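Dropping the structures in below, format is structure tokens.
You will see two complexes here that share chain A, one where it goes with chain B and one where it goes with chain C.
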Partner chain A sequence: MSEAANSETMDQTVAEPLLECDGVYVTFPRYGAEEAVALRDVSLTISRGEVLGLVGESGSGKTMLARAIMRLIPQPGAITSGSVTFEGTNLGELDPEALRRMRGRDIAMIISNPRGELDPLQTVGQQIGNVLRYHLDLNSKDVRERALDLLKQVSIPDPQRRLDAYPHELSGGMAQRVVIAIALACSPRFIISDDATSGLDVTVQAQVLELIRKLVSERDTSMMFITRDIGITAHYCDRIAIIYAGEIMEVADRGVFFDDPLHPYTVLLLAAFAQNERLRRYWLGEDKVRENSGPSAVGCAFQNRCVRVQQRCLAEHPVLTEHRPGHFVRCHFPVERP
Partner chain B sequence: MSILTVDELVQHFPIGGSKSVVRAVNGVSFSLDKGETLALVGESGSGKTTIGRCVLGLIEPTGGRINFDGTTLGRHRTVRSPELRGKLQLVFQEPAESLNPRMRVFEQIDEPLRALKMPRADREAKVRLAARRVGLAESLLERFPTEISMGLQQRVGVARAMISEPEIVVLDEPTSALDPTARAEIIDLLIRIQRELGTAYLFISHDLSAVRHISHRIAVLYLGKIVEQGPSAKLFAQPSHPYSVALLSSVLLPNPRIKSGGKIRLSGEIPSPINLPPACYLAGRCPMVIDRCRETMPPVEMVADNHSVRCYRHKEVSELDKDFDSFARFQSEADRILGAGIPEPIKIGIPENAGDR
Partner chain C sequence: MQILSYIGRRLIFVAPQLVGILLVTFLLLKLIPGDPAVMMLGPFATDEGLARLRTELGLDHSIIKQFGIYLWRVIHWDLGTSWQTTMPVTSDLAQRFPATLELVTLSLLLALSIGMPLGVIGARSKNGIIRKLVEYYGLAAGSLPDFWFGLVLIFIFYTILGVVPAPLGRIDFTIIPPPEVTGSLLIDSVISGNWLALRNALGHLILPVLTLGLINAAPILKMTMSTMDRMLEADFSRYAEMCGLPDRVVARKALRNSLPSVITIVSVLYGFLIGGAVLVEIVFSWGGAGQYAVQGVLNADLNPVLGFVLYSAILSLVIYLIVDLIYFAIDPRTR
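Coming up: the complex of A and B.
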């Protein structure tokens, strides 16, 4: 399916990154003001079969990174610097037609709010069929069979009947399964899940997460799992990246990440789950009077909310450095533990 | 002394053009003491919000009684009646949508006082005090809601609810739209305000880690019925209803070693409240179902003081997993890992009643 040049890399025993973002900047020009930077120097690699969790709050640039990988940055924003390489191909060099062929076939996306994204006027079978027909050369009988098969794989009860159901006839959890089925339709090698479970009830969320994890490991698919909830990543991701104000703040393997978080922002996110007064007081800065303080443009982006801020943080922009092997952090004064 | 008692509350909504009704609430009884937090937890469609709206008198219940501070609420005595105005308040789910975009923060917080016809001279000082109480900087009072972050917007929502010094505040998923850090801040704020003012909270939420932190007692709702009710710590440590177990097991805490006990996994999704199951509502999804569950609705049984459950097999359920409390295990891990990063010489003002929760 992919270009011949890539087949060599697949044979290599060393885990070659499947996807590599290198120094990606996304900016939006503003009238009469300095341009707004949505992503700043984002470098990430995702290996084959790996699930990377990307955690950030609303407005941190999580979805923008997903869109940058898919080359779907909303106008007038643009990738102004850096590159995204997928299986050795620089996606920035592909023409729009090649990108269209790639999206949905090689890289697929599971979006949140499934009921809002599905077409209310098409049946489930038609919507799954659209993807199959576009990317694979199948006749309508095969398309229907494949769609039915996909619905079975995502454990939808009574799949035969659901094939002809419209989105409004589905519950939230089922609609989310349909969206997953669409994403899986062409057996993509990379899936981006953008807050895919946020709208679901907790018991249903648990079912959907189990399903995603199972399907991903069965097919040896790689995944970027975008979420606001750091709790999910502890159980369903291999490696975790924290994004704040468009910058990657910390990246590490799951085991290290939760046992030895280095960035004060990571600790802040974790402390939000703790019920210890001392921890909450220190890391969350309880009793502090709140100003309207966003990320800072000069120095460290996190300085306005950091409990450990020092003089150097105000002036000097920290770079993402490898503090320990495989554990990257963007902080002048990472948290030390005895 | 209970400030609020709800007795066999029933709320059915007619469906236009049809004889069937949506059975949102099907006989719910609970009470709320002064200064106490009762959490109503459950999935969407479990009737949590409807109960909150009934308590405020925003909708008239189909059946049952609601008693507030010695008097019955009903058609002519609601939150809008002059004698009750300002005593019952509500904090909404979506902070942005519940604030008027054309009013400055000051006016938003001031609004309940204007409804209470308080003289202008007294109001200003009260608004400033309320803003300080929720940690809003003075400079934000002249801003519009769209100019401040969502966490700050929700602080405005809390300040507005608290300014009339209500007896009861219904908090309808006050944190679900917020980012985790803002969520934690709002919960801390609500706890502190309750200590200062002694307000009773009816905390409606499906965010169980927040519930664990803020509430004294918990009522677990499923399809408009309370399936289990008890003290917060007890219910988290040893739930006795299969639905409570499933709900608590689905919480994901940020530590890969702390897996929630997955002894009970529910299949499928919550049924429609239009066609309720004939006997136990959970029978169709419960892995521990027996024939009796499909024949009659289990009665309310007391398993301990203040701890009641509606399940035939509650004894077996409560003994499924002795080490169920993943929250407690997470807390000790958090102390170890996050506490180690705190530099030693640090001033800690320990508030009175710290550790009460």
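Coming up: the complex of A and C.
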């Protein structure tokens, strides 16, 4: 393991946060009911050059966090408190036009299922070109050259021909590369990869992940890597955050995270991959099937699925605390190694 | 190449489609009570006279045989004569069909140039006051009867203000119409350089075109707005927003993706208005094809009706073919 080397680079980069979320709440008003909270008190920092893995199950708020950073919360939801600061600028204070200029140029997004998200009526070249044209003010000739260059960088086979291809003519892997090319087009300083490889075959997935990692480290771009697969983060992320029911449950450097997880939910996620049958059964709580295993409103959000739940967890909402230097956890009774 | 083979395949089906349409129309018309012989000879006709006329008209044959005879004549481009005008249906329609086509085409162009921009504006100003206004327009235009609206326009612009010519046909009696080439007064006037006729014909067109255009802008508006709404919510629009593309660029993408629906509704309206404009034609004494067909139905004059149906069917098939070709052009997935 190159853990020592890894933590060294961490020390260098931690000094200057590129992006900082501070106590972000996203809520959706509901008729005749209490508003739905999609994100609750989310605080995260991402340093320059750092790749942060954000792991959570479906509906945990991963994508909502990405959209909160981009300031594109779907109606009628809104960021009701907290702030997102990017390179010292509070994004909440920018006007819509400045935000628009920031999206795609400074903060770019790599999406999943790109074949459904690209415009079906425009060629790959036009869609890459749009971003170049409206962010960098390039003329048509330069746009085409740059687009071709980008396609080469994401190692698409036969880039010249793909430039004039339509999205429906691309394979899933190729479409994914096109989306990466669009994300890289303006050399952004921060990239959010939202479950970017979930729709791909395992082999293609590995290729694409490797490509993202290579391109990101070459450019010293920071990244938030959203995924449902905790295994992927072990290979591609410097630091890992766990999100559950809109709350950050644990944040730690990669080495510590996998060696010494503190939150029962993290252990559950890791145990799901474990070979040891007893370990897996204990943490997944197979013998404790509960009626209501969804997130809870009072007390700890994870209480209904936690095998270590105690009286305090039902009544008191835990806060995210720094258990060890650089290792944050939101739990009254963190898992300690014997 | 693909397009040519597609057109070829489509054309193969044209003939059976036309025969089917004619057969259904023929049978439906035979179901309507009304004896042409009685209509033609009047109340004092003798039974022998009626019987002789029926034999002359071929009405004593079975319906299937009558249809066969009619079809045989149609193949030789003889659509029979109308006993009301005593003219061959082909020459009647040659005069009347272009009148309707001119009216409907211009009306739809106007409707499109009103409905589409309003739909786009409405979809883009979600929850805004503009959207409310656009919705009210759609509601009002959709609920007003066109013939009544035409009468109101005549009252205002002819009776009170006197700025348009009398609603009596396509051109003033005092003006010599241009020699017939296409049947469209506008085009024919331009061809013969008859600017007086052009001006006069345009003057006569204003109100009926305004009537049909303003009313039929409503369905185009609604279709544009609802499709644009959907396209602006679609994944590709969301992604375009994430890429930081300007709003107008996102809207343009959405509009391009909405065009197939808009074109579809326009083509449907076109086919519909060929006959559906008849009330407006009557209000303005337009002498169009719809009026001709309705007169035929009312007087058991079969040939004009069948001729009208045949012409409209051919026109509709042509329009649908053009629509498909437009789809080809704008949507790469259909290629």
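As a working rule, the second predicted complex is superposed on the first by the 319 of 338 C-alpha atoms of A that agree within 3 Å, B and C clash if a C-alpha of one lies under 4 Å from a C-alpha of the other, contacts with A are read in each partner's own complex, and residues count from 1 in each chain.
Convention: contacts are C-beta pairs under 8 Å (C-beta built on N, C-alpha and C of every residue); 3 or more make two chains touch, one makes a residue touch a chain.
This one's a predicted model, so the numbers in the text were calculated from it and none came from an experiment.
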Superposition on chain A - do chain B and chain C clash or fit: fit
Contacts of A:131 with chain B and chain C, given as first, second, both or neither: second
Partner chain(s) touched by A:122 [first = chain B, second = chain C, both, neither]: second
Comparing the two partners chain B and chain C, which touches a greater set of residues in chain A: B
Which superposed partner A:57 touches (first chain B, second chain C, both, neither): first
First, second, both or neither for A:100, with chain B first and chain C second: second
Spatial angle chain C-chain A-chain B, Cα centroids [nearest 10 degrees]: 80
Chain B versus chain C as contact partner of A:141, first or second or both or neither: neither
Minimum C-alpha spacing, chains overlaid - chain B and chain C, in Å: 12
Those residues of chain A which chain B touches in one complex and chain C touches in the other: none
Of all residues in chain A, those that touch chain B in their complex: 57-58, 157, 171, 173-174, 201-206, 228-235, 254-255, 258-261, 267-284, 286-292, 294, 335-338
Chain C partner contacts - residues on chain A that touch it in the complex: 70, 72, 100-105, 108-109, 111, 113, 116-122, 130-131, 134-135, 166, 168, 182
Touch list for chain B against partner chain A, complex: 43-44, 132, 135-137, 139-140, 143, 147-152, 155, 179-185, 188, 192, 206, 208-209, 212-213, 246-247, 249-256, 258-259, 265-266, 268-270, 327, 330-331, 334-335, 337-342, 346, 348-351, 354-355, 357
Parts of chain C lying in touch with chain A, wherever the complex brings them together: 235-236, 238-247, 249, 253, 256-257, 330-333
